[in-house]
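Here's the structure, in structure tokens; my notes come after.
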Amino acid sequence: MFNINSLEQQDNQDKLWDKVINYFRKRSLWMLHYCTGCGAMELPPVMTSRWDMERFGIGPMATPRQADILLITGYSSVRTMKRIIRTYEQMPEPKWVLAFGSCTVNGGMYWDSYNVINNLGEYIPVDITIAGCMPRPEAILDSMLKLMDMIQAGEAKAFRKYKENYAYYKANQDRLFMERGPVLESAALRYVHEETEGGEA
Amino acid sequence: MNFNSYSLTKIAKEDKDTTYDLFFGPNHPGMHGNFGYVLDMVGTEINSVRPNAGQLHRGFEKLMEQRGWVQNLTLVPRICVMDPDPNEVAYCMSVERIMGVEIPERAKYLRTITLEMSRLTAYLLAIGGFGGTLGHYTPTHWSTADRDLIMDMFEWLTGGRVYHIYNIPGGVRSDAPEGFFDKLLEVMDALEARLPDYDSILFENPIVHKRLKGLGYVSKEDARKTGLSGPNLRASGNAYDVRKDVPYAAYPYLDFEIITQEGGDALTRALQIRLEYEQTINLIRQAVKKIPEGDVRLNLGLLGNLKVQAGEAYEKVESSKGEFGYYIVSDGGTKPYRVSVRGPSLPAGFLWAQKHLPTMKIDDVAAWMGSLSICPPDFDK
Amino acid sequence: MAIGDKSISAPLTAIKSLFKKPVTVRYPDEVLEVFPEKGVSPRFRGVHTNDLAKCVGCGSCERICPVNAIYMELPEGKEDVKKEYRPVIDYGRCCFCAFCVDVCPTVSLKMSREYDFTTSATMEMRDGEEVKFVIDEFMFRPTNEREDNIGYVTGKKMKVLG
Amino acid sequence: MMTVFNIILYSLFAILVGLIFLGIGRKVAARVHLRYGPPFYQSIIDVIKLMSRESITHNFVMDLGMVMALTGLIGTMLYIPIAGHIAFESNTNIIVIMYLMAIGHLGMAMAVSASGNPYANIGVSRALTMMLGYEVPFFTVMLGLIIYNQSSSVMVINLAQAGSIWNWNIWQMPIGFIAAEMALQAMMGEKPFDAMIAPAEIASGPMVELSGRYLGLGFLTKAVGVFVETALIVNFFFGGGTSVITFVIKQLEVFLIAVIFDNIFPRYKIEQAVKFLWIFPMGLAVIQLILLAI
Amino acid sequence: MNRITVETLLQDLASRGLNGEKISEQQIKVFASKDNFVNHLHYLQTIGFEHLANINGVDYIAENEFEVVYQVYSYEHKIHIVFKVRIPREKPVILTVVTLWEQAQFYEQEVHEFYGIYFEGNKDLSHLFLENWNDLPPLRKDFNTEEFSEKLFGSKRHGGGK
């Protein structure tokens, strides 16, 4: 099974090899082609000719197995959250999460919506967060460059936090996805339709 | 040769063990937005389909009841990311209808210009989408870069690239900056000069014809009855355009014809977008030429505390995907009592998916979806 | 030839784009040169700046904010009266609509052309239980200073919503 | 001992050249898109990164299949002369090449169908169908070459074209060359014949479940594949090369033509692609064969 | 068929026992009872109102009634009808119009999901958008979305600050 101690040992080993491999990792970041919200609208300009992120070796990939970065582009509804977590857990390590836009920090526009989660950091570990609604292409590129620096320095290790604190994340996730009773007391007012009754009406 | 006629497939369809569920989306490169279909498959053929919606549901209509009349303007453009301005305009028009006010002429023209610019961005994305779904990335790269020219214009005019929040009840927020219209005309020339390139690489490409011809046929009658609107409706031969039939903004003063085509398949719908793209450039030029001087906004008092008298109205706007309608009920307070949004994509995304997809193979799903310009956020709400 | 007729030779004309100049803006080295000034447009709605001397703590921005991103806070060491309060802006909520700028009666609150607001410290685990969220880092507090002070220009009339 | 050394040297050379070709291809594609694109060594970085990542395997067959795909293609490469150098001399090596080239695809098919993902299965069935589509015309052209040269050795065909540029087979049998180019497009999986990858349809098909090392091996297979296929065309139609450098430049030209066509056409559906391959290149190849027979 | 105007349409509908009001030159609203509204809609369909734009609910909690609104438009006459049917809140049951318009299936599913209104005769009223939902249908006025968000997602009115 997974052992936290071994991880710490790994962290302490600051070998030259790690630095070399970090260079290759930062120069070839493949992101998952999954638009979770409206922030994805600024991705096409960044991916295509105008800003051309392929200059840095960043490109879109079709499936989570091939991807290094998961972009959470904007708000995520409960249903999307489920898919995000499933996707995140399918990605092989090392993996990084980039959160786009205000919605991922504190709910953004949809802070009081009944179907949108408020803080992404409660459910999966995030490496970089960009504010903006939605962030400009330049801001996206800036954050990518910053992520590259972090990878080179060996700081981008949020995916390890996920393993270390799995119980915390799991509890938060379960709160959304497990079979649960009504959240509000007003649910008792619900009208349940019976077929026979409907026939008379 | 119809592959469905193979008897093996027929046997397989009846056998429960040979069918399997395939999740086409939400995490799929061919999917437009965060949406999905659960396909019941036999081999590579689709047996039946179940739309897997709700990933984008935010409860807009509920949130709008919680916020003030003007505050809602930040919410409405987010209903359709690709084409946000029709939402703003439709919302403002509904509010103005209830209040019974008429906006200044210059504001009408500015609204028209933003609407048409927004339509251009959406059409360019649609052209890119056709390329992307058919595996042809050159037009995708070109069109997204060209789209940025208009985004720059938007940024100059309104201060926002994607969400402009430019229209408010009573007009628009600010006048155009100096030199804006000249630059806009330059951009229009540049975009028109690019059209032959798109023609040659996409619309005249024999393989594109081969892929799209006959795909997703919608007959004239069906298109009217099932609530399709916009380019989809016109590509099936129905001359219906909200801009002509229920004129709004400055469209009554502009000179244009409704473009219709017979055909009703994906290729016709792609060409429809191509033709309307040209028309849109023409409309912007006309509007820029005719724009009068004057105020851009009515004085409706302190807009932060705007109150709208009790009443209701349904106003619609022709967006790049079809008819966007806002039905607003006011009880005389500082917040709307009910805002209901009619998105154009629902009939195509749900109903036509169940009609069309079971006759297709997995190859065509993405191209079919792009051709009907399905935009999931507007039915997910 | 009508628009959209099939043509086998037409796609080959795309080869000429090989010899055109790319449209790419190589971002960290180059910036946009579309507008009268370099970089983003003069009207761009970026992060806020607040002229603390001009601000009168009226709270108009707090009331108009559609997303409850603004609340009034008393800076440290100030007397507890209404006019000493200053707005705090939460970029975990802000949707950059600039309504707050439009209603500001003294034109002290403005939006700069700066757009970069990125942070890497998303969360911190303490004993595997406590979590410090990034929320606090996304606050624009009265003590914060920003240099870019070009400001959001609203056009002919300064106050658009008032 | 020398043979082992040779094999390692040849395969490293092929991998390196193939990867750089892929990088240059991306650069050229980017220029067609009006952008700058990645540096030409990007593919090498990608592969090294993939090799260093966590790899998720589903079972033993998956490991075996990916290795088999790579070794199959490297094996093919050893029978192809590169500017006169060849690892294994053989009199009838066209037959061997024909046989070995299929192994790459079969290994891939084994590996990805072991993952059990329906997209991967659809992708593999498409790849094998496509193989059926392009092998028939390509080998018909090869048959023409064998008849023309009265030999099934690539070396002999190669040497027969030596001397003047007008001795090249591209002038002797231009119709056959066009057929071979079309088949090559399908062989390299470039558009319009990339139905087996098709991200927008089946989410990159065979590669759906591959991660880390397996995807890296897939990339290497692709790189060696590009090397082998372009080398065949250069040997058959462009007279090989006097030195390794001219040989590689000729290969690059052949590859770039494929890349440009890749960027100006969308993809055919699989049944359309096979139909096309069996009508046009096949027809041309048969015409060429008849012309040679007369 | 002659092009009909708003006035003649209102007269025509009044003769069939439907009250209507003019909203604008091209728009009217019509009130129907829940017993025979399907017949009226069918009649409207036969005289050219063939485009069903939307079906939506409105919750009039003060009057203890739901309203189901059918947005119907005629391509021929260029008139939009806001067709309103009221039903009691305690027993929200109404007849389906799937037989008239196929797309009504999904609009009705949506209204059912958001208001808990049952459409008699509609075979599939499963949830389209919400998953794992055990509370009141969310668009009803007695459902408090902010409280829900606070309890499930831990949102706060004023972010992380106060």
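Lettered A, B, C, D and E in written order, each chain numbered from 1.
To be clear about the criterion, a contact is a pair of C-beta atoms (placed from the backbone, for glycine too) under 8 Å apart; a residue touches a chain by one contact, two chains touch by 3 or more.
In this text the structure is predicted, and so the values were computed from the model without any measurement.
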{"item": "Chain-contact steps, minimal, separating subunit C from subunit B", "value": "1"}
{"item": "Centroid distance [mean C-alpha coordinates] between subunit D and subunit C, Å", "value": "50"}
{"item": "Centre distance in Å when subunit A and subunit D are each reduced to the mean of their C-alpha atoms", "value": "38"}
{"item": "Distance between the centres, which are taken as Cα means, of subunit D and subunit B, whole angstrom", "value": "42"}
{"item": "Gap in Å, rounded to a whole number, between the CA centres of subunit B and subunit A", "value": "28"}
{"item": "Subunit A residues counted as touching two or more neighbouring chains", "value": "33, 48-50, 52, 55, 62-63, 79, 106-107, 109, 111-116, 119, 122, 133, 136"}
{"item": "Per-residue multi-chain contacts in subunit E, two or more chains", "value": "129-131, 138, 143, 145-146, 159-160"}
{"item": "Sequence positions of subunit D contacting 2 or more other chains", "value": "30, 32-36, 199, 203-204, 263-265"}
{"item": "Every chain pair meeting the contact rule", "value": "A-B, A-C, A-D, A-E, B-C, B-D, B-E, C-D, C-E"}
{"item": "Subunit E residues touching subunit A - in the complex, by the definition given at the top", "value": "90-93, 116, 118, 120, 129-132, 134-138, 142-149, 151-155, 159-160"}
{"item": "For the subunit A and subunit B complex, residues of the former touching the latter", "value": "32-38, 40-42, 44-45, 47-50, 60, 62-64, 75, 77, 79-80, 83, 87, 109-110, 112-116, 133-134, 136"}
{"item": "Residue ranges of subunit A in contact with subunit C within the complex", "value": "49-52, 55, 99, 102, 105-109, 111, 119, 121-122, 125-133, 135-139, 141-143, 145-146, 150, 155-156, 158, 161, 164-165, 167-168"}
{"item": "Residues on subunit C engaged by subunit B in the complex (per definition of touch)", "value": "3-8, 10-11, 13-14, 17, 23, 32, 34-36, 40-45, 60, 63-67, 95-99, 102-103, 111, 152-157, 160-162"}
{"item": "Subunit B-facing residues of subunit E, complex", "value": "23-24, 26-27, 29, 50-54, 56, 58-59, 69, 71, 75, 78, 80, 82, 101-103, 105-107, 114, 127-131, 138-139, 141, 143, 145-146"}
